[in-house]
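Common to both upcoming complexes is chain A, partnered first by chain B, then by chain C.
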Partner chain A sequence: MSYLELTARQRIPVIFDAGSFEEFLPPAARIASPHLAQLDAPVSFDDGVVVGRGRLDGRLVYGAAQEGGFMGGAVGEVHGAKLVGMLRRAIDEGADAVLLLLESGGVRLHEANAGLIAVSEVMRAMLDAREAGIPVVAIVGGANGCFGGMGISARCANTVIMSEEGRLAMSGPEVIETANGVEEFDSRDRALVWRTTGGKHRYLMGDCQVLVPDDTAAFRLAAIRAIEEIRAAGARLTLDELLTEQAMLARRIDLAEGAAEPMELWKRLGIAEPASVPMLDADAFLALAAGHRVQAGQGER
Partner chain B sequence: METLQFRFEQGARPMQGKPQLVGVVGSGNLEVLIEPAPLNGACEIEVRTAAVGFGATWQAVMADFHARWQLADTRICINDMGATPAVVSLRLDQAVESLTGQIGGRP
Partner chain C sequence: MDWQTLATQLFPGGHDIVELEQFLSGGAQVAGRTVDVIGTTGHVPIGIEIALKQAQAILRTVQEHPGRPILILVDTVGQRLRHRDEMLGINSYMAHLGKCVDLARRRGHTVVGLVYDQALSGGFITSGLIASSCFALPQATIRVMGLPAMARITKVPEEHLTELAKDNPVFAPGPENYLRMGGLHGIWEGDLAGELARAIEDSPAQDERMALGRERGGRLLAQAVADAVRTGSHVRPA
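Here is the complex of A and B:
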């Protein structure tokens, strides 16, 4: 079953153990955005996010699913507060892990500062959960990708799991084109957009640690495995880990020196035929990518 | 935005179960929240729509819906972003089916 094509509400029961998920503040509670109502704009009864707790392979896992179909999954005050409340409750109640099904354009601009503050609180709550020893795993596989503040938030997780179709970045393609011109970035060039922000590029660049086909069972299995691995290694963010990550980012800047297009980076990573990368299925890509990825703590070159 | 209220008395089919939400508030789409409520046998529907001035169309679609299902003691709330009448009808049927657990069940 395609993960990409499902709504947030349809993803929950196929990723978590069937029938195990208990939603906090369900739609019937009607906690909608007061800001959108003031602007005379349509609201949603869940403000575009499902939060709660369930079981994942038997473990007690708290989680959320953002609905990309409602305002591009953008984070408003209520949406953000639901995410933060869920994360804090995961800490209070000793969750085994947190699983975030992210799909968001970032801050909901209608809610301006409230949305910005909400996203910063989400990041802090994610790091607090990790500090409490709770693994935090993010899945990015929706049609709207994961951008802006939620792109940053995703990278606060222990592990990011993506499909090729998923996209992860700071500024979205249209934002870059608007700000810097079509010469800088042509947002209508879909192949370029996916080469620059898609799951394969993120995997090669070390922003995503697990790449799976667009399949709900594959995402579920990857989440179960990631949680096991994090629990064994420790979920806390340490200074050593930050320094290692910083070193990786410095190597990436060197790698990208003078390059105008992701395929040049892939070639520099030792991939002989970078033009073939977008056409490979997940298994063939993973076989090719082994040994040619940027990874924290490893000399990839 | 425009808010429309509908109430249909003396339904034949009281609803039970947990509230259900179907659909998404996206362009040309809508979300439908359906839940049991003590309404003296009536079915109440509240519509909040971004498309202003289509009250008569909503009235016709809702009357059709009530004729199909004859719901009693049921509250339905809709957030709409310009869905067509056909989409509205399908979502309403989907909402009833998700509450009754009868996918494809017809009146």
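Here is the complex of A and C:
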């Protein structure tokens, strides 16, 4: 079953153990954004995110799923507060892990200031959970991708799991094109957009640690494995991990010296025929990518 | 205010901050103790290199001077909007900077952010907004984006947004709105050196910004919703 095509509410029961998920502050509580009505924008009684707790392969896992169909999954005051409340409850109740099904354009511009502060609160709450020893895993495989502040938040998780179709970035191509012209980034060049922000590129560059086919069972299995691995290695953010990441991010800048095209980076990583990469299915790609990824250190499998 | 004038007012006890390609770093004396300073100037867009330089400076302080307070001076037009930054995963560089600030805070370094000129979205979220506390000068500009761009994207007429912005802190740029919403702990006027010394003494270890936003009337639902989710209860309006 394609993960990409499902809504947030359809994803929850196929990723978590069937029937195990209990939603916190469900739509019946009718808590919507207080800011949208005055802009004549529609509201949603979950404000575009489902939060709660369930079981994943029997483990007690707290989680969230952002709904890309409502304002692109963007984070407003209520949406962000639901994520923060869930993360704090995961700590209070000793969760085995937190699993975030991310799909978001970032800060919701309709409530811009509240959204910006909220995203920073989500980041801190994610890192609080890790400090409490709780593994935090992010899945990025929705049609709207994971951008802006949520693109940053995703990288505060222990592990990011993506599909090839998932996109993870900061500013969207349209924003860059608007700011600096079509020569800078042609947002209608879909192949370039995918080469720049898609799962395969992110996997090769070390921005995501696991790449799976666009399949709910594959995402579920990858999440179960990631949680086991993090529990064994430790979820807390450490100085060693950040020193390793600092070195990796610096090496990436060196690797890209003078390069403007993702395929050139893949070539420099030792991929003989970079033009073939977009055509490969996930298994063939993973076989090819083995040994050619930006080498990530501790805490970044 | 240019950073040199600011530094003179913040650090009457002296400082050795230097500017290198719009990146600021150095040390300063605050109320008889050394504080490490990092930051940016010239409204520089935060690209991958300058994000990484700030992170490196913080990690150096953590390694070499355990417990030393850190001041982040914020002046940026936001994240750099270039294909190359996106290709190299600028979100990871931003997240890395944010994680370095977070680690420093947890290891006992009070981290104070100060918006002394401009702060916009991506350049702010992993600097001042993830510090122990964040302040601004009254003349500072803080926003996610300008109202014209916001009008284009939300498809709400600009005049309508401008009207709403007059008394609703959720859209309008400016430090007083961020103060009301709890995003800023305070706005500094007058004795900047004294304000900084007090901020270093008093910064909270926990994230209390939702409560601040509720107390100040600028963000009424966030704390109530987070509490309701956390405790499995109903939302209690402020």
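Basically, the second predicted complex is superposed on the first by the 297 of 301 C-alpha atoms of A that agree within 3 Å, B and C clash if a C-alpha of one lies under 4 Å from a C-alpha of the other, contacts with A are read in each partner's own complex, and residues count from 1 in each chain.
Criterion: a residue touches a chain if its C-beta (ideal position, glycine included) is under 8 Å from a C-beta of that chain, and two chains touch if they have at least 3 such contacts.
Just so it is clear, the model here is predicted, and its values are computed rather than measured.
Output check: A:Arg9 vs chain B and chain C. Expected answer is one of first, second, both, neither. What do you get?
Only chain B; A:Arg9 stays clear of chain C.
Is A:Ala217 touching anything from chain B or chain C once the two structures are fitted on A? First, second, both or neither.
Neither partner.
Examine A:Ala233 and indicate which partner it touches, taking first as chain B and second as chain C; both and neither are also allowed.
The answer is neither, since A:Ala233 touches no partner chain.
Which partner does A:Met1 contact after superposing on A: first (chain B), second (chain C), both, neither?
neither
In the three-chain superposition, say which chain, chain B or chain C, touches more residues of chain A.
Partner touching more chain A residues in the overlay: C.
Looking at A:Gly149, would you say it contacts chain B, chain C, both, or neither? Reply first, second, both or neither.
Once the two structures are laid over each other on A, A:Gly149 reaches chain C alone.
Applying the touch criterion given at the start, work out whether A:Glu245 contacts chain B, chain C, both or neither, answering first, second, both or neither.
second
Looking at the overlay, what does A:Asp40 touch: chain B (first), chain C (second), both, or neither?
A:Asp40 contacts both chain B and chain C.
With the touch criterion stated at the top, can you tell me which chain A residues are shared between the chain B interface and the chain C interface?
The overlap between the chain B and chain C interfaces on chain A comprises residues 40-41.
Can you list the chain C residues touching chain A in their complex?
Touching chain A from chain C are residues 48-49, 52, 55-56, 59, 62-63, 79, 81-96, 98-100, 102-103, 106-107, 121-122, 124-126, 129-130, 143-145, 150, 153-154, 156, 160, 164, 168-172, 177-178, 181-183, 207, 209-210, 213, 219-232, 234-235.
Can you check the complex and tell me which residues of chain A touch chain C?
So the residues of chain A touching chain C come out as 24-25, 29, 31, 34-35, 38-41, 51, 77-78, 80-82, 84-86, 88-89, 92, 107, 109-121, 123-125, 127-128, 131, 148-149, 151-156, 168-171, 173, 175-176, 179-180, 184-185, 196-197, 201-202, 205-207, 237-239, 242-243, 245-246, 249-250, 252-253, 256, 260, 262, 265.
With touch defined as at the start, can you tell me which chain B residues reach chain A in the complex?
1, 19, 21, 24-26, 29, 31, 33, 35, 48-50, 77, 79-81
Which part of chain A faces chain B closely enough to touch in the complex?
Touch residues, chain A against chain B: 7, 9, 26-28, 30, 40-46, 67, 69-70.
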